[in-house]
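In this document, chain identifiers A, B, C, D and E correspond to the written order of the chains, with residue numbering beginning at 1 in each.
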Amino acid sequence: AREKELNILCWEGYNSAQVLDPFRTEYGATVKAESLTNDPTMINRLRAGEINIWDLINVNNPWARKVMFPEKLIKPLPRAEFEPYFDKMLPMFKPPYKWAMDESGTELLGMCQRFGPYSFVVNTDKISRDTAEKTGWDLFLDPALAGKYGILESDDWNVFNIFVLAGIDPFKVHDEAELAKFSETAKTVFKNAKMIGDIATMNQALVSGEIDLHLTGGTYSVSPARADGYLNLRGITPLKGPLPGGKGGIAWIEITSTVNNPNLSPLAQTFLKYVQEPEVAHRVAFAEGTYNPVAQMGNPECFKLFTKDELEAIQWDSLDEEMARSVEYDIVPDYDKALDLMNAAKRLRG
Amino acid sequence: MSTATDGVSAAPSRAAPSWLDRFHGFALTAGARCALPVLVLLGIGFAAPLVAIFAYSFATPRSFDVFRSFTLENYAELFDPSNTVWLSFLWSIGFALATCVILAVVAYPIAYGLNRVFGRFASIVSILFVFPLFVSENVRLYGWVLFFIKNGVLDGTLKLFGLSGPEVLYQPPMILAGMVYTYLPFMLFPITLGLALVPRDCIDAAIDLGASRLQVWREIELPLAMPGILIGMLLTFVLGIGAVAEAKILGGQSVIVISHDIEIAFTYSQNWPLGSALAVLVTLFIGVLTLAVFSKLDLDTLLGRR
Amino acid sequence: MPDAPKPPLPILQLVGVRKTFNDFVAVDRIDLDVLEGEFLTIVGPSGSGKTTLLRMLAGMDSPTEGNITLRGQRINDLPANKRPTCLVFQSLALFPHKTVGENIEFPLKVRGVDAATRRKRAKELIAAVRLPESYYSKSVTKCSGGERQRVAIARALAYDPEVLFFDEPLSAIDYKLKKILEKELKDIHRETGKTFIYITHSLEEAMVMSDRIGVMRAGRLVQVGTPEQIYSAPVDRFVSEFVGEVNVIEVARRGDGWTGVDVPGAFRVNPPAGADADIASAFVVIRPEFMRFLTPGQTADNAIQGQIYNEYSLGSRIQYQVRVGEKVMLVELSRANALPPGAGSTVTLGWDARDAISVRA
Amino acid sequence: MPDAPKPPLPILQLVGVRKTFNDFVAVDRIDLDVLEGEFLTIVGPSGSGKTTLLRMLAGMDSPTEGNITLRGQRINDLPANKRPTCLVFQSLALFPHKTVGENIEFPLKVRGVDAATRRKRAKELIAAVRLPESYYSKSVTKCSGGERQRVAIARALAYDPEVLFFDEPLSAIDYKLKKILEKELKDIHRETGKTFIYITHSLEEAMVMSDRIGVMRAGRLVQVGTPEQIYSAPVDRFVSEFVGEVNVIEVARRGDGWTGVDVPGAFRVNPPAGADADIASAFVVIRPEFMRFLTPGQTADNAIQGQIYNEYSLGSRIQYQVRVGEKVMLVELSRANALPPGAGSTVTLGWDARDAISVRA
Amino acid sequence: MQQEKKRTRFFIAIWTAIVVVAIYLPIVCGALASLSKGRYFGFPVRTFSFEWWQRTVDSIEIGMIVRNSVAVAAMVTVVSVIVAFCGALAFARYDWKGRRLFQKIVLLPIFFPQPVLGLALLLWFSALGIQTSWLTAAFAHLVWIVPVVTLVIAIQVYGFDPSLEEAAFDLGCSRVQVLREVTLPLLWPGIWSGALFAFLLSWGNFPLSLYTAGADSTIPKWLYAKMVAGYTPMVPALGTMSTLGAAAALLGAGLVAMIIRRQRAA
């Protein structure tokens, strides 16, 4: 009885009218989409029993493969039907693409679409791109900039960034000393932040001049402001850092999977195919809220839909080099401990 | 004649129960019957969820094993000396206290006006104050951001005169201001109700007996309006403890309040049991306080005679 | 004796009627026969159980014990809407959202009477209670106290009950209007021939209107009788005091005669009616209008010394307060017999034994 | 004549006092001298402006026009808390959150009197109003109506005002208690020697207590005089009717004599006092107690035929309603002179011209 | 005295005016943002545009959430008025044994932080295995709106003279007739204002909907989601529309009440 229903749990964008309305019209479907701003919460909701509600879940790269599939929260896609789409994507997504597959490499767990680097955002009128890339994360420890930066509310991602700020690779098990360092760094960074808030707040504050830079953002967060003409604002990927290989940035890739819903809507797969269409992919890239590069830009049909301004908004010019400077986002093994330490540090702000 | 009556029945007689008996049975418990739907609703919609949250607070941390595991770990963690969650508690209590004190001062003159000054305009004025209750508070708080932010309404206007706006956003005082703003109606209406309870005659009599305005206020008006003021204070205090949007939207999380901690536990931390334990503590705190205040109030007089 | 006037039959009979609220006894074992067509008034101080009694008769409460019968039929538990009785509330209980006409038609409407008939009857009743015809479509909230009163009575009459109850309907109305309405009510009683049971705590009201008066005290019916009986032969001190301002002195038997307990002196006292011959003490009740000032040479059965200490004009009469020891006694004279001015002077009060009533102590 | 008793000075003087609310005239140009130490009662129907007048005197409202002077000092705008006057409200306005003692001490407390003195004074006053000493620490909400009454008076006395105002303080109290309190109030007046201004709409209350009575109607003070004057020489029909149940007949001059307008017949009428000689019509007011039934052979200045149609016992008196044409006239006889039973019979009513009052039409 | 009184009145009027302005200021700022062309607000507004309003009106998505909001609010209104009507009678009309306790129990949810209540309900639904949707959100709204409406109606009931019901009964009415002829007509004003409160409070509620509406969204929930990520001036545009909608409902209700009163008076 769910032929005409589709429920999507996703990051911002898929829940926008531009993406969903045409689908609704075309399939006469009732589509509900709820957007959340962090991966663990979404997964937790499936765990808490909402597996019966959702048909599609859209989270960042490691979760499908490392958590949801082993916990039977999602089910694989028919590989034969979906793998061909990967062929048309940008080169880095050539099948079998690691994050879309299960650990054994046999099952296709989801489809890729949006991706991007993220580290921090600066107002290049105040701090040049060059300075920012060279100085990197240390900007946030510079006493001169205390009170001039914001922190994007995104607690899990902040954890990675603070590890990096502390000069530690986030995606490994940490010892006591490292955690202590983490805690100290968190305290300093939060203490000196002007404010913590969502993307709109950060951009508004950057545009208004309340802040000069903010942590935990990137192309995706700053692109709306750039699209609005504020090209002086820019996502920065540091040239170097404590990440494996001396890399300075972290990148994310979204994977959209079908939920292990006992009563899965047949529209789930239809939708996954729908968003691969060049037109729709372009719309996804510029869905309300954040603008992102999409894997489908590998398809010339799709790429030609992007205007010069749009490419500029998503920093297309430097995308490749920034991705090259980044490691891919992964799960922090001792995330819980780190989060507690970070929350404690946050409480000391007031 | 009297023998005839004697014949009918002796002393306390309960004849065959009839429609009438049922009617009288109904009359006897009419109140209870009317209360039933509300009680059922609150039973399954209020009491039971509280039981659920209580049960969750004893579940294994980071699990969903409600009713299946029992552990005190969550509470142990909260009461662990190294845990700084008490800071959030303190902030929340501090904000709530300050909110209710400031609101009492802000709302009192208005409540007084509604009772004694505005006359037939009073109902229009009160509607002006009720209305914001119907607008989602996120929207209203965000409006303040637009007002105070750099290049916002205030700063933009001042810039026309070569000045610049004050930096008030993203600081604890702004959170407090936001709470005062959001909870104004919850203080205003109880105080208005309370002041309406002060008989005009008592005020006149006190003046007539030589009391100055200050004396009238201290000796008569304030104590007699106290039930209303108390309800208003309680309401704003309790709501203040639960407030979170102000700290997030206006405060830029310059302070983490207790509700935010609970929210983190339920989201980023993926730790429902811990969040539940926190919620239980908040619930206990509020419940005890509320019941204590309620025990001092007679709702019939407060609401009944206006 | 086929021609002798038959005594009217009791329409309502109360036998041992009792009502308790939890442990509190509001009405305590009342026996009473209400006669067909009579105007019976129940008086008693506040809280004596008058309203509770009426509510049981009207069917809004059930007695805890005892029986109420209507023409021999037990009606203890018959609900109000099934009884041929109707209560006019102290608050009048007019429906504020209805016009005068709609209020009066209400009992007919719920009975399913058609609109035209209803309207006709309402207009008749409006005339009967002496309201202008135009009031038919006036809102009751716009009527004055006296007018509302009449609407309430008209509404009760529209129900066409056999017994009408009134719970202090005039207590909130000002003196002059009250006088007028009292008389109108009596007229309506006469004209309709229905049985009226009326509650008040004003004795004057009771005296003016009733065929019989029942006096209640603390849930009990202490005396039932004609106004004359209540006035002239109260059964106890309570009734006598309730019936008006009176002088009461306590006396104790001394051999053949009686001595004052709370005033000094020996008195001639007719012992309480029906009392044992050897009764040891009694209250003597003397109405102020039966007291007089004795000038030297004048005599009376009883005399006592006192000092005038206050003097009030009560319209056609003048009342004196006279201090006798600790006690204050009242003397009421008609204006024609008034003393010359000179309050404060010592006087001799006198009264005759036949003018005094003695009641059991 | 240094020894002649000086007439008491006016303590309060009202000259042309007027109060309007928007366009509505609540009090209309009142002139009045209140004498030091007198007990002045203002009576009048509901809405006649009594409370409004009192509130101006007490300082809770300011007059729109005119002057109020206290011992020659203009006090129109002196606030209530600066005046040596004190008002006892109809509602009593006791402070419900305070004990009896705290209520009484209130005026002393606000004046900064120390606790011990206050307490002493409160206890004296509690005794003065005849409350038990233990009431000092009782909550006023636990006092009965009569007790609350006394607390209110004690509190007013604690303020030690020169003038005390009372706004219908007894209207909500039941008959018997009212009688007792009326007398107590009068005693307190005598004992304290203060000036009392008292408002009521019960004439009986006014008669019992007052040195002088002022009658208000529609914002105007229509007559001021001693109870005797008000009773015996009402200035108009309104006052005469307000003063009690009376018979009023309208008469018109016919040559030398007078003819009834609403009842048939020629009457002997003493023209209204101070009226022009050629006045064309008048109201004749005859009190029921001055009417009598004429047996054949008896005569009176005036006589008229009627039919008895109702008869009420009023305690010591009996009242008859007699239908004369369209009109109902009242006759009040003492119980001793009562007619033999037989209502409905045709009777002749008589009264003497000197017992009737005539007022301007 | 008059002087001082006037000064007090003046102070109170001014103070009230200031507070009223403060209350509406942010709402006006939101409206301004919704009418500016730029995505990021700046004042003075450089270019005004109805573009965001247009897009909001055209969106199917928004149509859906408006429908959800209306459905939830309508359902909450109907159910809460019925339940609260009974509750108010128990609260203020009848004298029964548990009344005092009942009064306090009814008030408790009002004195409870809504985010915590929302979470508790979410836990409870998930423990029962109930799927959250607009229906569960409506239920959650009921938990705190029913007490509010009970209070609103109870205040009217306190002014209701129970002897009117007894009189009607005494004049031969059945229970149902008493309800239809006397109780309901006299309590209508309270019931209407209760209904209005129910509708509008549900309409504006965010914390309960956030946790209990599942995949369904309501206007406040959508606004929040977009505000956090995906902000466009459609957020203040829809916020302003929703505010105007509430104002219109209130105004409409006021007008209807006035017309009825006029008709009554006539």
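Please note the rule applied: contacts are C-beta pairs under 8 Å (C-beta built on N, C-alpha and C of every residue); 3 or more make two chains touch, one makes a residue touch a chain.
Composition by chain, UniProt nomenclature: B, E = Spermidine/putrescine transport system permease protein; C, D = Spermidine/putrescine transport system ATP-binding protein.
Model, not experiment: these values are computed from the prediction.
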{"item": "Joint neighbours of chain E and chain A, given as chain labels", "value": "B"}
{"item": "Smallest number of contact steps required from chain A to reach chain B", "value": "1"}
{"item": "Top chain pair, ranked by how many C-beta pairs fall in contact", "value": "B-E"}
{"item": "Chain C and chain E: spacing of chain centres that average the CA atoms, whole Å", "value": "54"}
{"item": "CA centroid of chain A to CA centroid of chain D, Å", "value": "90"}
{"item": "Gap in Å, rounded to a whole number, between the CA centres of chain C and chain B", "value": "53"}
{"item": "Multi-partner residues of chain B (each touching 2 or more other chains)", "value": "23, 64, 149, 151-152, 155, 266, 272"}
{"item": "Sites on chain D at which at least two other chains make contact", "value": "59, 79"}
{"item": "Where chain A touches two or more other chains at once, by residue number", "value": "48-49, 153, 204, 207-208"}
{"item": "Interface residues, chain E side, partner chain A - complex", "value": "38-42, 55, 59-62, 64, 126, 129, 131-132, 214-217, 225-232, 234"}
{"item": "Residues of chain D defined as touching chain C within the complex", "value": "45-46, 174-176, 179, 183, 186-187, 201-204, 207-209, 227-228, 231, 241-245, 287, 289, 310, 312-316, 319, 321, 332, 334"}
{"item": "Interfacial residue positions of chain E with respect to chain C in the complex", "value": "161, 163-164, 166-174, 177, 181-182, 185-186, 264"}
{"item": "Residues of chain E defined as touching chain B within the complex", "value": "4, 9, 11-13, 15-16, 19-20, 22-30, 32-33, 41-44, 82-84, 86-87, 89-100, 102-117, 119-121, 123-124, 126-127, 139-140, 142-143, 146-147, 150-151, 154-155, 158-159, 175, 200-201, 203-206, 219-220, 223-224, 227, 235-236, 239, 242-243, 246-247, 250, 254"}
{"item": "Partner chain B, residues of chain A touching it in the complex", "value": "38, 40-41, 43-44, 47-49, 150, 153, 155-156, 194-197, 201, 204-205, 207-210, 336, 339-340, 343-344, 346-350"}
